[in-house]
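Structure in structure tokens, see below.
Chain naming follows the written order as A, B, C and D, and within any one chain the residues start at number 1.
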Amino acid sequence: MAEILSLRDAVARLVHDGDTVALEGFTHLIPHAAGQEIIRQRRRDLTLVRMTPDIVYDQLIGAGCARKLIFSWGGNPGVGSLHRFRDAVQNSWPVPLEIEEHSHAGMANRYVAGASGLPFAVLRGYTGTDLPKHTSTIKQITCPFTGEQLAAVPALNPDVSIIHAQRADRAGNVQIWGLVGVQKEAVLAAKRSLVTVEEIVDELEPVPGQLILPSWAVTAVAEVPHGAHPSYAQGYYERDNGYYEYWDSIGRNRDSFEEWLSDKVFSMEVNTSDDGGAPLVSADRVRVSRKAQEAAK
Amino acid sequence: MAEILSLRDAVARLVHDGDTVALEGFTHLIPHAAGQEIIRQRRRDLTLVRMTPDIVYDQLIGAGCARKLIFSWGGNPGVGSLHRFRDAVQNSWPVPLEIEEHSHAGMANRYVAGASGLPFAVLRGYTGTDLPKHTSTIKQITCPFTGEQLAAVPALNPDVSIIHAQRADRAGNVQIWGLVGVQKEAVLAAKRSLVTVEEIVDELEPVPGQLILPSWAVTAVAEVPHGAHPSYAQGYYERDNGYYEYWDSIGRNRDSFEEWLSDKVFSMEVNTSDDGGAPLVSADRVRVSRKAQEAAK
Amino acid sequence: MSVTEERTYTSDEMMSIAAARSLRNGQRCFVGIGLPSTAANLARRTHAPDLVLVYESGTLGSKPDRLPASIGDGILAETADAVISVPEVFNYWLQPGRIDVGFLGAAQLDKFGNINTTVIGADYEHPKVRLPGAGGAPEIAASCHEVYVVVRQSKRSFVEQVDFITSFGHGRGKGEREKLGLHGAGPTLVITDLGVFRPDPETAELVLTEVHDGVTVEQVREATGWDLKVSPELSTTEPPSEAELKTLRELKAA
Amino acid sequence: MSVTEERTYTSDEMMSIAAARSLRNGQRCFVGIGLPSTAANLARRTHAPDLVLVYESGTLGSKPDRLPASIGDGILAETADAVISVPEVFNYWLQPGRIDVGFLGAAQLDKFGNINTTVIGADYEHPKVRLPGAGGAPEIAASCHEVYVVVRQSKRSFVEQVDFITSFGHGRGKGEREKLGLHGAGPTLVITDLGVFRPDPETAELVLTEVHDGVTVEQVREATGWDLKVSPELSTTEPPSEAELKTLRELKAA
């Protein structure tokens, strides 16, 4: 059964130096607050896994938490590049970053295999591309019935997967709706899992299109309102498109990034609630005002 | 886009002698009316596919429509044996029946592979059992990453899959809720598909737990109220448990079965609506009265 | 003990109640059709209210308020925490070993806990009796942490060696599961209308460890198709309590 | 024609409108991020109201009433016929060839329609520029019946040979797709801000088949990194209609 913990306690208990960590959420419900808590707790040597490493991983990579990234699309969606990611790949700053690169179909199937307790998945993928030349986790497999050649990719089984959801009940059952991405598979593939939620409620009212993760399939739940900001939580808040623009200006330079780290992440440490009662709301998790955006330009 | 047809026209157009035909529905939403229409149109040499061949396939097999059955559990749930199925396997009556036998996990994965455009699926299955000795469509495969041995089963790609659903809209989009079994996979795996529905409506009101099959993924939709009887349609009617008992008495003897065929299937031919406007309700699709059950015992 | 000379319960009731008692609160139980479903639902209404029932029809955490008439009764979906597809229940929930107990029935069971629900008779092509087949059982028996079997016992059903291994138990003895790479422990408990059996820790052969109240070891031997070994610590099953009987009867009547 | 001496539209607008026109009503279109999404949404609001938009975020039949800000904008889920998981969109819907047109963008495109969105520079380990990577594109390019590419054209983006094949087009020429067992026809149409290109039926090399109104062939050559062949049946793109421009601008403003 899932334990209800504060975000700080959950990250402290579940995420260790050297772990393979997946934060999932496909545009929707990206667990940004959890990512920043990992930075705040100064985790190191993580292998980060994510289909779409966007701002959340730019922050973790820039803060030096990662030694490796397993991914299929790394960018600031609708804006451009991830400057911290590029700086790490091109200049090994602040630490070298090894990459293992797949396609979305490959990554999704790697999670499916992980969730299914299988060592690998089969797909029609990568054909004719240069990816298999550089990614050793893409192999060929022969159909034992037709002789056809297909691609095989190994299961992903993170030490810990972290997702954000709309709600949980007090027993730790999790409810998600809207775009659900690969979150169920990421949680089921992992050895441990943390779900941050907008709110913990007495009863989960059914919502059309909902996905339920039973409490016994989750390790910990933490209540973190606005925990997906600047991404969105359907039914709670919209995507803060301005933040994605703003991030471009922050991430572009090492100085502005380090200032951001110091102001918006590390300085929040003292405000973390100890008892898990009053949820932490970081100063960074406030909609970027037009003024801030302008200033950033 | 799905065409809206009468059940008779749909079966006439989509189901041909010698076809591989899957009727799916896991206890819930079993397409009984469509099965009886196939009998009525005297299809022959079908390869019937179904995880749980229960009464619907006992009827088709007894009527001599099938030359082969691909399945994982054949019984009258909660009652006992399928007598027509046993008579065909043990005595080749009315025609010999070849069988290809899997487990549920194997069959489900065969549909998944079919729906995914893959030639085979991998699972942890059949280990230590006698099934691979008798079923040539179970093979071993080696994980190219770990060297582990797993089971492989070939994709199922029926010529036509038939399912029953609660509703469709006039554009042919299909809405199903409650237990959804393997129906989506069966439809997506097939070359052609027919969905019989309780009703065709102007607009599909969202229902929690719904599954939607877009019109463009379905070949034909036919309105057949009570088309799942004696199984059930959540939100429409309950399972007719009495019918399952009653069927035991009908199916037990060749004579009573042939009488049933003549009275309840072939005699309905003249009542079939020609224009598809007034849906056919077979006399067999009426809840079995306590009296009928008593008489049958 | 409150049992009068005339027993106030049937041996089937004793079997269901003994089977129900074997389940612990909070366990995740993959529930087979028939006798296992009765026992699991009884457990949930007596000592194990937080037992998580998983059905192969695709329901996680069903809480039916009556006995489901089939493995896919609508009540299972309506009262479930989550309803999922059949491929998902096997691939995401059963296969990775998320389920504590697989609760199965059997047409034929042998002394190493192998189960046959496929054919009676040695010739698969021309069976004496064609049974329903495997259903979900082979993978339930493979992937759950433990397997409990509940079955009515007779010389026909309790045999030296099954005619067909539909679901692998312990093969021909200790260590075979490990050799095959099976992750679960296999059948650790068999409950019948006469008693309770557990695999010998050395040989994996099923040994009588409990007789139901009022049943003699001789009666059990007569209903067993092999030379039955009896545990030196043989005990007698506690007869059904009034509460258990009442709950079971209410369940079956509803 | 109503074009005055001063053009009333930008070349980007011409590109989006030309791209939108290429889609036929009722087609199933797998929509990439950015320019393709703009074009597909424009098509749905002009001549192709029944265009079925599929996004890799897991939406089938989205009908957004404004331009989605990202591939996973909430409006896509809220207006979809069905919302499904990301594994399902790739495995059940894209991979089996259910989608007519894959609509992709590109950082670099070569004369055989191969696409690079991974690295600029020959050394993958030490790239000149690290691009976002593959995303869904390799399998979109493999599995859709046809692929349309929409890209802003320059010598840097329109190259003889891409530095990295992220998504396979026609390789080094006609017949390579078939040899690799790819089911779809690959890139059959490339739309840029200058014109329209189609693979030569004999060689699969991209050939200029249309120039946008007001653009010269020489301008196109100057923005092409290989020795461009021009179709003998070269035509001129119909300039945007007022209705197209109005709809596009409303879309982008909303």
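Some observations on this one:
Methods note: contacts are C-beta pairs under 8 Å (C-beta built on N, C-alpha and C of every residue); 3 or more make two chains touch, one makes a residue touch a chain.
Because the structure is a prediction, the values reported are computed rather than measured.
The chains in contact with chain A as well as with chain D are B. Steps from chain A to chain B, minimised over paths through touching chains, total 1. Judged by contacting C-beta pairs, the busier of the interfaces B-C and A-C is B-C.
Between chain B and chain C, the centres computed from C-alpha atoms are 29 Å apart.
Distance from the chain B centre to the chain D centre is 42 Å, each centre being the mean of its Cα atoms. Between chain C and chain D, the centres computed from C-alpha atoms are 58 Å apart.
Shown for chain A are the residues in touch with two or more other chains, namely 117-118, 123-124, 148, 184-185, 209.
Contact of a single residue of chain C with at least two other chains is seen at positions 91, 95, 143.
Chain contacts in this assembly follow no simple pattern; the graph is neither a line, a ring, a star nor complete. Touching chain pairs in this entry, ordered by label, are A-B, A-C, A-D, B-C, B-D. On the chain D side of its complex with chain B, the touching residues are 26, 28, 52, 60-61, 81-82, 91-92, 95-98, 143. Touching chain C in their complex are the following residues of chain B: 26-28, 51-52, 71-75, 77-78, 81, 85-86, 89-90, 101-105, 108-109, 111-112, 123-131, 133-134, 148-149, 178-182, 184-185, 209, 232, 234, 238-239, 241.
Touching chain B in their complex are the following residues of chain A: 117-124, 137, 139-141, 143-146, 148, 150, 152, 154, 206-210. Across the complex, chain A meets chain C through its residues 1, 115-118, 173, 184-185, 188, 211-214, 216-217. Of all residues in chain C, only 33-34, 56-59, 69-74, 76-78, 83, 85-87, 90-91, 94-95, 118, 124, 126-127, 129-139, 142-143, 164-168, 171, 176-177, 180-182 touch chain B in the complex they form.
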